[in-house]
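Okay, here's the structure, questions in a sec.
Just so it is clear, A, B and C label the chains in written order, and each chain counts residues from 1 on its own.
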């Protein structure tokens, strides 16, 4: 029997604002418990929320990046329920007017572009963190009130692979927008998958099973695969799929029942009477657009057009810092040569020296890569000088001059090679007749004549070019 | 000197300035009066801290009218290090760690907070009888209700225990007890007094208001507590009210809604209100009867909007961080249910259940959203009256004070606020002032104006007060 | 709208109030209040909703003005804020 799977995904991402969503307490990961807490976060009686515009701006950028329509008149709503981690007995969220709706992202599935539709993206506050120790429960309110965006897809995802691609895409976009750390292990990104299956010939979808607490993107894929199998088995044995909430147990590699939804949760949403409404003007939106960086998809398109190799594009785009650095010097360098340098020498040395790309002086780096693309220096020299630059060498220009004075320019080298070839007509003849051993002989002569002041790789390359012209 | 607190504010201020009395004398007098009172007006007396404060003030210059003046606050206004119970078992031992914005404002004027007053539990009730700490009695006649929910605040002022009090008004909770006790109470324009620190009942309706012996002093106290607040996003960024030039420079156009003198209004009330209207006409003001059809939906509007908001606002009382909590329980839900079932009184439970019901997903459109629309319609009607009229006058309450302990149906508990609710719905300012008595029972008149026109209300009320000689 | 006891019981559970021993009493009171609340159902209105009078627009904070922190509240908690003992039940 053939089955079809339908998955909808909900992502919660914490925004990396300075302050919390509705209070001026700091939004800081890793502080001592209950350090970043105001009376507002505790929901003490008589306290009233405030609105952090930085969070609205970040959410707006995310909504724009996900190609959403924007609700220009927004309100906040209360979602009422009781839970130990919910200080006020309600969560302030956006029910009626999510900041963004009807958006989409594109993923590449087996070489084909597929659109995943985004139903909505809205702003809400995080709850506090519960810690269980023995039979005691402790609450850490540092997380209470941290701004979150929730991104909800339409049920457009067909399998685990698409789910993973979608999640990686969202993660990459939020990372590039610099609005979230999107670290699943730290909880700044959380994923839930709603999985339902049906027999291919059936029109109606089976009941939806919600899988929560999934600890990594790859586990989302595993959880979906597990659910597919579990639900298939149930259907095949004539049982009904129950609407329920499960969690993914990493050790077992299985989803485990959390609770069965007997009745629909009644959250009793209503407009938050303690907050002002927010009117997003065109200028708010324009400003957000202007501040948005080039996003990965656009970047990939640009790099491809400019002739950068696919593998190098992948490496560069994988790092927001690296690609950002590249874009900043993009107009001043030979981009193909630079992409090669960035993905080889630079990454290697950064790793080795435990440094960040942004620590490298841009001006010096531009001079260095330009010296290399003008063949003024060899790749070995480039690497050596890059290490100096990394260690704070200020005068890279002088360094290049010093090295260069020892080196033959590529024009001089060309002249020299032509002379050598002309003086060794018999060797040239041998080469023409297919004897490649003479190459070594020529190289020996070149190195001897230049007293080693030449990049052997470069010399070899030029020699081959000239020989092939003559042959 | 005896009974200094019964003097006018300006007179007390003079005595302080001339150093004939000290702030501590005022606190001592308050203590004596409060302790000997049998009215149950207070939940917490703040004597020790107040005396300490009074002594600190001795070294300071008397720099304003309210310097060293004692005041009492309704027990739903948060006071740092001073119990704030909302007259509920739930918060019997709750001590806030911060001051309400209004408290800060009073402290800036060096006023002395001497006590927290009794009230209906979580401000839910119109008689003062739903308090966990027992009913407050009306000083006019201890067998009568004082009105509510700011029962203790109105009583403390009416009984002469203290000249100033703050209450809160969600559907009439300042104006109605003021009327029943024969004192002056204002519900300011929504947004004019910061709600930060006021333990919320109906967030879109609540305003803190002053309760005083006369209109002028009310205006002075309102000057102290009003003003924009960055802690309250519903606070209005308008010019601060100042209690000066409170004089009418023209005759007013006065509207009296027919509904407010209609079949719902008790004869006791009309017997004082209607002659007052005649006097107002004689004073040269133009008085017209007007139709405001949506006034008749006041009570259902209140029952839906106030109770819906309350059901959410009171959800935070789960016993976890503060408040009543049980010793034995099975799990979290049981813990919360026990906290709330024991911690809240019957009126609060009833109201939260109604509020929960009208917000539930199948009812939210037919009740809650509908009510938000009706509220807008009512507001539109009132606004159109203010296009042609300066003020709207009505009795403050449909009846005068009635006996304590009277058996009433659950729905009748809302009836006392019939005439005051509309202005909470629309957000307009409205003042209740005594205009005379029916037998021994005080009768209050409600004076309401367009948004932020408290000055007009006070100016008219001062003129009328003089005319009536009350 | 007709309300039955089951509905009242359900509502009480939603707001975590145990009324089972007084269900009859609460049911009667609830019904009485709803009689009056129901008056609102058939009122003819326009489409506007009013959330708060004098509704403010676009008010935000953008500084870290932490006027009131809750240090005192947590003065003796290192690991977190102890909430309650969970029971295995």
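Here is the rule we use: contacts are C-beta pairs under 8 Å (C-beta built on N, C-alpha and C of every residue); 3 or more make two chains touch, one makes a residue touch a chain.
Here the structure is a predicted model, which is why all the values come from computation and not from measurement.
**Student:** Taking each chain's centre as the mean of its CA atoms, which one is farthest from the centre of subunit A?
**Tutor:** With centres defined by C-alpha atoms, farthest from subunit A sits B.
**Student:** Determine the chain that sits nearest the middle of the structure, using the mean of its CA atoms as its centre.
**Tutor:** C
**Student:** Based only on mean CA positions, could you tell me how far subunit B sits from subunit C in angstrom?
**Tutor:** 22
**Student:** I'd like the Å distance between the centres of subunit A and subunit C, where a centre is the mean of that chain's Cα atoms.
**Tutor:** So the centroids are 41 Å from each other.
**Student:** How many angstrom lie between the CA centroids of subunit A and subunit B, rounded to a whole number?
**Tutor:** The mean C-alpha positions of subunit A and subunit B differ by 56 Å.
**Student:** What positions in subunit B touch 2 or more of the other chains?
**Tutor:** 97-98, 203-204, 230-231, 233-234, 311, 315, 318, 320-321, 332-333, 336, 356, 360
**Student:** Using the touch definition from the top, which residues of subunit A touch two or more other chains?
**Tutor:** 39, 42, 44, 50-51, 82, 84, 266, 268, 273, 276
**Student:** Would you mind listing the residues of subunit C that make contact with two or more other chains?
**Tutor:** In subunit C, the residues touching two or more other chains are 14, 16, 49, 51-52, 56, 59, 61, 67-68, 70, 73, 81, 83-84, 86-87.
**Student:** What residues of subunit B sit close enough to touch subunit C in their complex?
**Tutor:** 97-98, 189-191, 203-204, 230-231, 233-237, 294, 297, 299-301, 303-304, 311, 315, 318, 320-321, 325, 329-333, 335-338, 340-341, 344, 349-350, 352-358, 360, 363, 366-367, 369-377, 379, 409-411, 414, 425-428, 451
**Student:** In the complex of these two chains, what residues of subunit C are touching subunit A?
**Tutor:** Against subunit A, subunit C makes touches at 14, 16, 49, 51-52, 55-70, 73-74, 77-88.
**Student:** Residues of subunit B touching subunit A in their complex?
**Tutor:** 77-78, 84, 86, 91, 94, 96-98, 100, 195-200, 203-204, 230-234, 308-309, 311-312, 314-318, 320-322, 332-333, 336, 356, 359-361, 364, 368
**Student:** Note which residues of subunit A are touching subunit B in the complex, please.
**Tutor:** 39, 42-51, 78, 80, 82-84, 87-90, 264, 266-270, 273-276
**Student:** Which residues of subunit A touch subunit C in the complex?
**Tutor:** Within the complex, subunit A touches subunit C at residues 18-19, 24-26, 32-34, 37-39, 41-42, 44, 50-54, 56, 75, 82, 84, 129-133, 135-141, 266, 268, 271, 273, 276-279.
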